[in-house]
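Notes for the one structure printed next.
Order of writing sets the chain letters: A, B, C, D, E and F. Residues in each chain are counted from 1.
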Amino acid sequence: MEEFDLTSMTWKEVEEALKTVQLAIIPIGAHEQHGPHMVESCDAVLAEKMAQKLGKRMFPYALITPTINMGVSQHHLNFPGTISLQPTTLIAILKDVISSLKHHGIEKFLLLNSHGGNQSTLNVASLMLTKDLDVEIYYAKTTASAKNAIKENVTSPLFGHSCEREVSEALYLAPELVRLENLEKGDIQEEGRWKQLRPGKAIQGFYYYEEMTKNGNIGDATKASWEIGQQIVEEALDNLSNELFKLLDLKVDVHQKI
Amino acid sequence: MEEFDLTSMTWKEVEEALKTVQLAIIPIGAHEQHGPHMVESCDAVLAEKMAQKLGKRMFPYALITPTINMGVSQHHLNFPGTISLQPTTLIAILKDVISSLKHHGIEKFLLLNSHGGNQSTLNVASLMLTKDLDVEIYYAKTTASAKNAIKENVTSPLFGHSCEREVSEALYLAPELVRLENLEKGDIQEEGRWKQLRPGKAIQGFYYYEEMTKNGNIGDATKASWEIGQQIVEEALDNLSNELFKLLDLKVDVHQKI
Amino acid sequence: MEEFDLTSMTWKEVEEALKTVQLAIIPIGAHEQHGPHMVESCDAVLAEKMAQKLGKRMFPYALITPTINMGVSQHHLNFPGTISLQPTTLIAILKDVISSLKHHGIEKFLLLNSHGGNQSTLNVASLMLTKDLDVEIYYAKTTASAKNAIKENVTSPLFGHSCEREVSEALYLAPELVRLENLEKGDIQEEGRWKQLRPGKAIQGFYYYEEMTKNGNIGDATKASWEIGQQIVEEALDNLSNELFKLLDLKVDVHQKI
Amino acid sequence: MEEFDLTSMTWKEVEEALKTVQLAIIPIGAHEQHGPHMVESCDAVLAEKMAQKLGKRMFPYALITPTINMGVSQHHLNFPGTISLQPTTLIAILKDVISSLKHHGIEKFLLLNSHGGNQSTLNVASLMLTKDLDVEIYYAKTTASAKNAIKENVTSPLFGHSCEREVSEALYLAPELVRLENLEKGDIQEEGRWKQLRPGKAIQGFYYYEEMTKNGNIGDATKASWEIGQQIVEEALDNLSNELFKLLDLKVDVHQKI
Amino acid sequence: MEEFDLTSMTWKEVEEALKTVQLAIIPIGAHEQHGPHMVESCDAVLAEKMAQKLGKRMFPYALITPTINMGVSQHHLNFPGTISLQPTTLIAILKDVISSLKHHGIEKFLLLNSHGGNQSTLNVASLMLTKDLDVEIYYAKTTASAKNAIKENVTSPLFGHSCEREVSEALYLAPELVRLENLEKGDIQEEGRWKQLRPGKAIQGFYYYEEMTKNGNIGDATKASWEIGQQIVEEALDNLSNELFKLLDLKVDVHQKI
Amino acid sequence: MEEFDLTSMTWKEVEEALKTVQLAIIPIGAHEQHGPHMVESCDAVLAEKMAQKLGKRMFPYALITPTINMGVSQHHLNFPGTISLQPTTLIAILKDVISSLKHHGIEKFLLLNSHGGNQSTLNVASLMLTKDLDVEIYYAKTTASAKNAIKENVTSPLFGHSCEREVSEALYLAPELVRLENLEKGDIQEEGRWKQLRPGKAIQGFYYYEEMTKNGNIGDATKASWEIGQQIVEEALDNLSNELFKLLDLKVDVHQKI
């Protein structure tokens, strides 16, 4: 076994794994439209793939839980097929998952999240559940820490949803998510509230995604490639595993491990 | 396309599919111990596989949603790795999924459930959400309706969890769930409350699964086979699709469809 | 005193009774239409009467709580006078009753339920409250275990609500519930979803009772009698008390007790 | 029929009654200790009896619902047998009862309450449910308006729980609630917080009933009589029915009705 | 320092104060219309001012928390500007404030409330939170205990909202709340439900304030004065501090303290 | 009147103001430790002052509501005096405030927040309440948009809580919040989880503030000044008012207005 993936283990194997495991990695995605060139399970699948790769690096100190395959996607709801959980529902799921695993002896958790729309809910969840369940809860965007690779490869001023970055990740991690024959640039709306409400602006606020883009994606997916995906994913995995080993305070040589 | 599986569709494909779709099939599983010879994602995977097969039969009238891959498994919680949702959490997830899909125009729902421990919660959910969301909600155990195949092939007096029936289904639908080298009969406890509390007894009540079986399964998994699985699964799919076509009140020749 | 009925005891008498009491019996009924020949409190009264009789048999080991005289009756709501509790409300009531009685030292509970529509909610309640309150919770339909008497006396293929079985029970336990001059067979609807959704069918689901019966009852109340009621009730009480004594693990001769 | 009591009506009788009914009377009691001389169902039974008498006076304009036979009794919980609902549970029950009856066409409600400990919760409920359900909600203590009869007959400076007033009401309405052989004055504690926290004091606050009285009652039950009960009950019924007829804005001669 | 006001203290000063503090005073107001001559923050400001004065008298045994500056004002909501909290929201705030302060070591609490519409909610809160948080909770209307001063100075038969009593209190405590040029008597409605539903009547119930008064106030504000305010406020502070010192069971000479 | 501040208006003045008002500004602060040199109401007061200044600029198109003077401060709870609301409580308050104001005709809202720890909760609130209440909800940190003034004046690598930026804002807006005689640099902990979990790091997570700083503040308060405060505040007000006027889509010359 090269990773502890709860979904493919028997209870006796889990019992054995718990002798070394200190951390549970909970993959969290979304089910939402990703423009004309990505299927709607994109975030769920990418979170799962990243969790598996990170689990390998953290072996035998981490185990991977089932993927939370829907998330907070209210802003995408007017595109057909999108399913959105209430933030309170996502927190309830996390409470149940974490308290079940605490029952098995795990006290540190990483919420590994591929969907920007979940981040605030995860912040709130980590605060509430740390207190309610007396555990340590961390959370991370799957590839946000790959700053060098992103800076080098992503050129669109507005990116982050079914763009060259995300499509590249998918080409590397799960190419079946991509409709190569349909790759499109985001069909950005000239005007609208969204321009005032993007991250970094003076004011934030809820807006619907179709206010910003007609085809549902942003950035330029036609520039995506397997190589860019590899660069981003591996840099992120380096960063995440380095930080996690520090947090676990392990007396191991991290680089030797990887 | 031979089925409408939301997880592998783009929003434009969903938009097209919604022209014929009348029903959403929501696969519901669990994440729980299944004895020494099945992995813990068993119920989630079986629900998903059954939903895909049922979706094919109901094409182009049904679509399949992402799988709810955890369920109500409190009674298995003392076996390592089991994760249990509170019944209220499962109902909250269903409320969000169903109201999202109602936003897209779907008004009939089948909760296709592979895990007995979810049934009462699904009954409560169907009652509450029918009223709150003004939709039609049906639910079914994935293979419970295959009464002939089960009667013919399942001989253990106590069966229903990682037994010859479930292992056979897995061998047919998802053999990677089974550890063929570990197949074991249930290691049933001689005495205990559980004997008084089984279905059909005068009194019911909550008990922990280890009160009934030491190794976590019941029945006799060593008698499982691909052929039994095929018989059970196909009989169940016949029954489910027949009933659904009647419920949809379609003016189509059901047998011709299949 | 031949029974410990909380509603007719002073606190000093309760204090004395608690020296032997190990179990609380909580009668749970409903307030809903019962066709033209039974009044709407039927289930509440029958649950109360059964609890009193069972309490006598379990004396001095059980006490009887006040009756929960409304239940989950959403499916009857279109018949005038029906009152329905949300499942969450019924669970909240049970949580309060059980935690109050636990404060007095009782740790085993039987939810004695006369109304089929409550069963799933009681299953969910027993699971949730066992965990939350750290007690043992059992539940039972009042007379469902009287299989012999029912098999012998009930001939309608579709029965269970204001039918020969229930009216017979009422004639024996509380004849004031019955309008003898109005006894009617169920006025069953020829067609409809209900036929597909009855217990044992491939698919279940919520439907309104008027989809199934125009006059609100099923079965054939004209065949009811005091004698049938006596047979059913006493067989059920035999079964329930036998099982409860086993669950209490009493070193007493059960039959001598009765 | 001289009253419309939902518990003893068939749905067809309710259907007929709804042609004139404008108001539902919901009796609300409690299940709590009442000292050595009254049984614990006292408040539930008195509320029910009062509702029946008031229903007769309001016939055919009012109907009586099933009695809510437990209430908010946290302050009595240290006396054996007391059961207390959370205020939120009582509000949930009322929401379900009122919304069910609104479904049947009733839009005015009287919460007829015999237990002081419920009053604040009923005030909160009337405010919340008026808004949520768009109905008119009134509430009243069963006999608090009988100011003349109380002034004339009740001499204890501290009364209101199993005292001469309440025992007298019971002797008139439901003598089976009273243990005549055990009548006792309240065994009042000399000192304690309770003296500072009674109604009318500068500060209020929660205290347990045993801080105030060792035997669980206050006042002087030995002075109770059927005649005092009759005086109090009938004066209260005069007041309540007069006020209700005004609220219903009926063009009927109230006194002729009674 | 003459008072411990949390809003104007650093954490080191709070740390020092906690060596003597036994009680937290939580001022609770409302944000609601007060007729043409008082601004809408009236209750919030008066509660805060009273808390500061009471805190001075209780120094160094009490500290004052931030003011809860909105309350339950559903009945005023049809007057422009009124903001109303749900009772459940107010209870949630109190739960958070009290549990935070219990974390700092305080176990006694006075909810000092200036707004009648909050009283029932505070009663419910004190009952629920006493149990949930294991603390002592008291509550008081700011000036209701000044019975002599009120009897002597308030002559309107219907008073209690922006009347001579409240305006006088404001003139003494916070004259900026009053529009002296607009002082008006309440413009009382001749007819209406309100007449039947006032405190002391046989029946209570929710009604909107405009059913009772067209200009939003009652009583006669033109009779208000600084002197009346002083008399009421100081009598109330005498009563409140006397009672609190008794509740704290301090071995100090109360009058010397003040 | 130069601003519409609900706390100092009568209902008639509000009625008049509502003729032009399109936006409500809701100031949101916190009650938490701010090191040895700022009092605990700091965030509440700064939010209120900023709202008043912004309200002046937006006059007569905006009104200012009462300040929410406590917030989500779980991470500061181990410093004496801190009070923390649950995120769900803050959302409940906002729901009540916004739905009350929607009742008065306002449909656009700015949550003007001075406390970083509230941001995620406000993001969640804006998403949930936009949907539930059908309004437009925006939120902003009070001075975060003053990027030039901050870049120019704030030199500490780690700042944002009782640092030179916040103390400067206070010196300009509310100098009474500052203990000039106690100004201290943050007493930063050399080691700890916090270093890995700051904004911009690969992983985020909940940690307690004392893990990062012994005296409770960060940055260097000794460098604060009135002038820096003025620069930051006025730049932020320029940005906020510019953005709001665009969002209101007013046909007015914004600069002339200010």
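Here is the rule we use: a residue touches a chain if its C-beta (ideal position, glycine included) is under 8 Å from a C-beta of that chain, and two chains touch if they have at least 3 such contacts.
Note that this is a predicted model, so its numbers are computed, not measured.
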{"item": "Joint neighbours of subunit E and subunit D, given as chain labels", "value": "none"}
{"item": "Pair sharing more residue contacts (C-beta pairs) when B-C is set against C-D", "value": "C-D"}
{"item": "Proportion of interface numbers common to subunit A and subunit F (over half same, under half different)", "value": "same"}
{"item": "Distance between the centres, which are taken as Cα means, of subunit C and subunit A, whole angstrom", "value": "49"}
{"item": "Subunit A and subunit B, separation of their C-alpha mean positions in angstrom", "value": "28"}
{"item": "Distance between chain centroids, defined by C-alpha means - subunit A, subunit D (Å)", "value": "57"}
{"item": "For subunit D, residues that touch 2 or more chains besides their own", "value": "86, 88"}
{"item": "Graph class of chain-chain contacts, one of line, ring, star, complete, other", "value": "ring"}
{"item": "In the complex, subunit C residues that touch subunit B", "value": "72, 74-75, 86-88, 110, 119-121, 123-124, 126-128, 130-131, 136-140, 144-145, 193, 196-197, 201-206, 236, 239-240, 242-244, 246-247"}
{"item": "Of subunit A, residues touching subunit B in the complex", "value": "6-12, 14-15, 18, 31, 33-41, 44, 65-67, 69-70, 77, 79-86, 88-89, 92-93, 95-97, 100-101, 103-104, 176, 179, 182, 216"}
